[in-house]
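Following are the structures in question.
Each of the two complexes below includes subunit A, the first together with subunit B, the second together with subunit C.
On to the complex of A and B.
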């Protein structure tokens, strides 16, 4: 069978040149959005702050070895509640542990949990939303009723309920109060809203002609979902993620603060504040500094997130 | 028509209620198993006593049977008993719930009272220094952890004011331990936690009032009112403000489900004797049945709150009930 295999370029022919008009090259959604994001200087500045915080968090052991020369858990009882000095730029706590080192290590927990949780809940919410919207019918009903139920239980109660039972052995794995387990637990409790958003978007996309065309040339369901629906719902997911990081950092810090998150002696901004609560009369800087770190991280994440949303949200164009 | 809509919404929320009980119960058993705090450690109990107690508690029944016992209790208004002191969960809830509601309602009222003027001023003086300052304040407002703000307020108004010999505010509890309980004493205890909780509402609602006001101010009827020669003050407050508040009602309605759970963290910082504080206290004592009862209760309130909000919208907006 000899079908004429006309290549795409032949079909398109030569682009029409308008006289005197500037030829503006076609731009993809991604490069256009990226250009808009780059244009927002305010947003990019706070994106930069976020990157700096992330670099500090990643290089925390180097920082502790070469800058402060102290480990976050090294105790020196002769030096408790030390004022700001060259040896302790931000002072020490009740056990003489260096506050700056602990804050730097705290960044690992907060930022790590922030980004990891968002990644996990996008994965869960995205898969549930796409499959519910794509298959429809009883599967959609089942998943969406489950989301309704999950969203009816207040997050903080759900988290108190789960985290107060830790450590919890599940088969060979023991779930503890560490950053990775906490990310998973928080993600499991908050993915519902993303699933709803994604499903809604899938419903508007799945009846378009290109999906029918792809199906008619024999694409499998999995391929349809991953190669054709996913790229179309990605903007919604980016928007959901952009404002999620700040919220998750706040939630995780709150969990640490009520004593159900990362446990001492591991330093996190939330549990440093919990600790400082007992020493109001000894040191005000212990109360103020970890909070400033949280605000800086969340503020940067929120402002950068806003810029990302403005740049990537197709509805705001 | 409205009655039919309400009935439809109530029927639709029955599976959600059922699902909530299934999840909370399942989660409890997945995490705590059939653990009774301190039972195995009690030296006064012989091994056969332990088995007898566990049998009496129904912990050796198959899980579906345990669930059935628990949910048939729920249907009769019995939320179970505490594992630690044996008192009914519902009694603790009825002790604590008024405090929680008092805190949240005060915070919401404070939020409305402060955010609307802020939003209106921001909209009327768009682009001015004051407007930019409010904008900054509201972005900061959603970025500041409420529990840290709470600590700062305690540090200033309780610890430092006390140290400076100024009249200071109490930092915890709903009333003084000795000779407390009169209205003035309760209000002084309420000031700090309610301010903290209101802060987030103010941050969100003032932005919303501002943008809603800006939108209304550019409407044709506002121009018509001005063209008629109406004073700017009357235009602003009589025509623009009233209409710009309609969407805000929706936003405040969204807080209805969070009336009980919204202030949990603030309750914990200020030792406010509310439901959230109770849940944390009991969770730390491994009082699983109490935590289960509280979580289920709060989730049921969320479902009821959603239902109420839907009904109120349907009352306000006829398009919803005919959909």
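On to the complex of A and C.
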């Protein structure tokens, strides 16, 4: 009895802390995911490599002006196949063009196409997926059957078919083998999977009560899709994009290598490899260096992408 | 013509399915006056929710309004265009849903969500909407509303979310607030708080309220008038006191009799309504309640009675009471 009494008084003496819930600051999905991503040191390291490559790519003209003092296309036939030296840190090719400068400019193409393509295919795939899932019915059928057809054709054949038609005049614009056109073309051939993923997610979200509740306060369809639905499917899009950059860099390099991508004299890692094929025995470094660049970029993009996926995928929590 | 704020006339809402057409709402008529509280009661599947979703034009496919008029301030909402409905939803008629746990968007902070109707209808900018939202959160009894507005819905309890939903509904000063079973998902003490809040809202803001529930006790405490629905049809409507004291439809009578009573004798069995709710694809002939009705006469099996005045204040769809019989007397 006595023990019970003291317990009761102790309990009564304890002030009830209703404020407890408020003391801890609210953590959003984004800050939580970002913290998880930061916790992955391996992923962050390769994310850093990717950032360094991107900075080099962006500052390529400065690099050529102040570091190598050479343009990527400046030819010097007296200096062909030069070994590594002070003037040419990574040697020269058969026309005496500086390999380091060309690799730096090649990074522009590879990373530029990589990120731009992912951005474009997220835009296309996201719009198609959201509108198909949201409206449903015949619109959904139409879009998804189109996606089915698109996904039934191997991407590389589709790409070869389209790029071999270049340069292609469409009205006043002539589509050439430049990085922007290639990004658009690659994006057009690969957005299908994103559209499917996003549509699936929209289907699970759109029947939740809050969508009906948002409708009941008078939100238009467009506002529902962009303001209320999109943030809910964004994690899926991030996950879909996370492994995309590496894939696209490889795909673009492959196109360059078979001569249907960025055309010489513009330097890209893929067409440098193509070019080096002929001189494989003469100068091995011409093959190995662009190869290393491609491997490094793709590896970094994939490992970082993996870390991003692990951090942002709500299903992996 | 009497000017009601909202008047629903002979509403038919159907859901075509592969097994046949479900007549979820089958000729429902009612009205709502400014500042009034109307209760809609009925068992699951009786068409209560579909009725108000039809009024809001928020039916999910394949549901559609087959016929009938929904007059709001004289405008027929059944024929209004989508942009017109977007103007009315949230601005004129607001709605609160059954499950507060799922009716808020998990990715937005509460203050932002509560301010959304203001951004949609009053062209408030983000800052002004948030300030106003905090004010409304405070009004619906959320402590430390300014801090709470900065939190995500998952940090709220069910009762607080329902309060936030009410704040969201009220923020634009609508004329009608539709509450679709607002307390079903909450525990009993919170239910009482939310009902108190709805009563206060009705009193302080003069918002006409439609309260959907299957709890007759809630209706008795909250509503001036009540409409009882059965199988997509109106069984009876009238002032709550009269309907409860003197039901004019056997379904209402059976419902009231089946409520467990505190003053019941020991071991007195609960009186349930015999039978099952009808199939809405192939409803029974005549009055849909006739297979379960203890007062059934032959005419009930053949003909559906119209909704007609029975007694001074009530309307009912029943041949028996329309012929002048009193159910309480007939039963004893």
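The working rule: the second predicted complex is superposed on the first by the 294 of 317 C-alpha atoms of A that agree within 3 Å, B and C clash if a C-alpha of one lies under 4 Å from a C-alpha of the other, contacts with A are read in each partner's own complex, and residues count from 1 in each chain.
Here, contacts are C-beta pairs under 8 Å (C-beta built on N, C-alpha and C of every residue); 3 or more make two chains touch, one makes a residue touch a chain.
Predicted model, so just to flag it, every value in this text is computed and none were measured.
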After superposition on the shared chain, which partner residues are touched by A:259: those of subunit B (first), subunit C (second), both, or neither? first
Quick one: classify A:54 as touching subunit B (first), subunit C (second), both or neither. neither
Is A:153 touching the first partner subunit B, the second partner subunit C, both, or neither of them? first
For A:95, using the defined touch cut-off, is the partner it touches subunit B, subunit C, both, or neither? Pick first, second, both or neither. neither
By the touch definition at the top of the document, which applies to A:213: first (subunit B), second (subunit C), both, or neither? second
If you stack the two complexes on chain A, which partner ends up touching A:238: first (subunit B), second (subunit C), both, or neither? neither
Counting touched residues of subunit A, say whether subunit B or subunit C comes out ahead. B
For A:298 in the superposed arrangement: first (subunit B), second (subunit C), both or neither? first
After the superposition on A, what does A:44 contact: first (subunit B), second (subunit C), both or neither? neither
Touched partner set for A:123, first subunit B, second subunit C, both or neither: neither
Intersection of subunit A interface sets (partners subunit B, subunit C): none
Touching residues (chain side subunit A, partner subunit C) in the complex: 21-22, 26, 28-29, 136-137, 208-210, 212-220, 223, 228, 231-232
Quick check on the complex: what are the subunit A residues that touch subunit B? 145-146, 148-150, 152-154, 156-158, 160-162, 164-165, 168, 246, 250, 253-254, 257-260, 273, 276-277, 280-281, 284, 287-288, 290-291, 294-295, 298-299, 302-303
If you look only at subunit C, which of its residues touch subunit A in the complex? 56, 58, 61, 83, 85-91, 94-95, 97-99, 102-109, 116-117, 120-121, 144, 147-148, 150-152, 155, 165, 168-169
Listed in rising order, subunit B residues that touch subunit A in their complex are 15-16, 19-20, 22-24, 27-28, 31-32, 139-140, 142-148, 151-152, 154-155, 159, 258, 261, 264-265, 268-269, 276, 279-280, 283-284, 286, 291-292, 294-295, 298-299, 302-303, 306
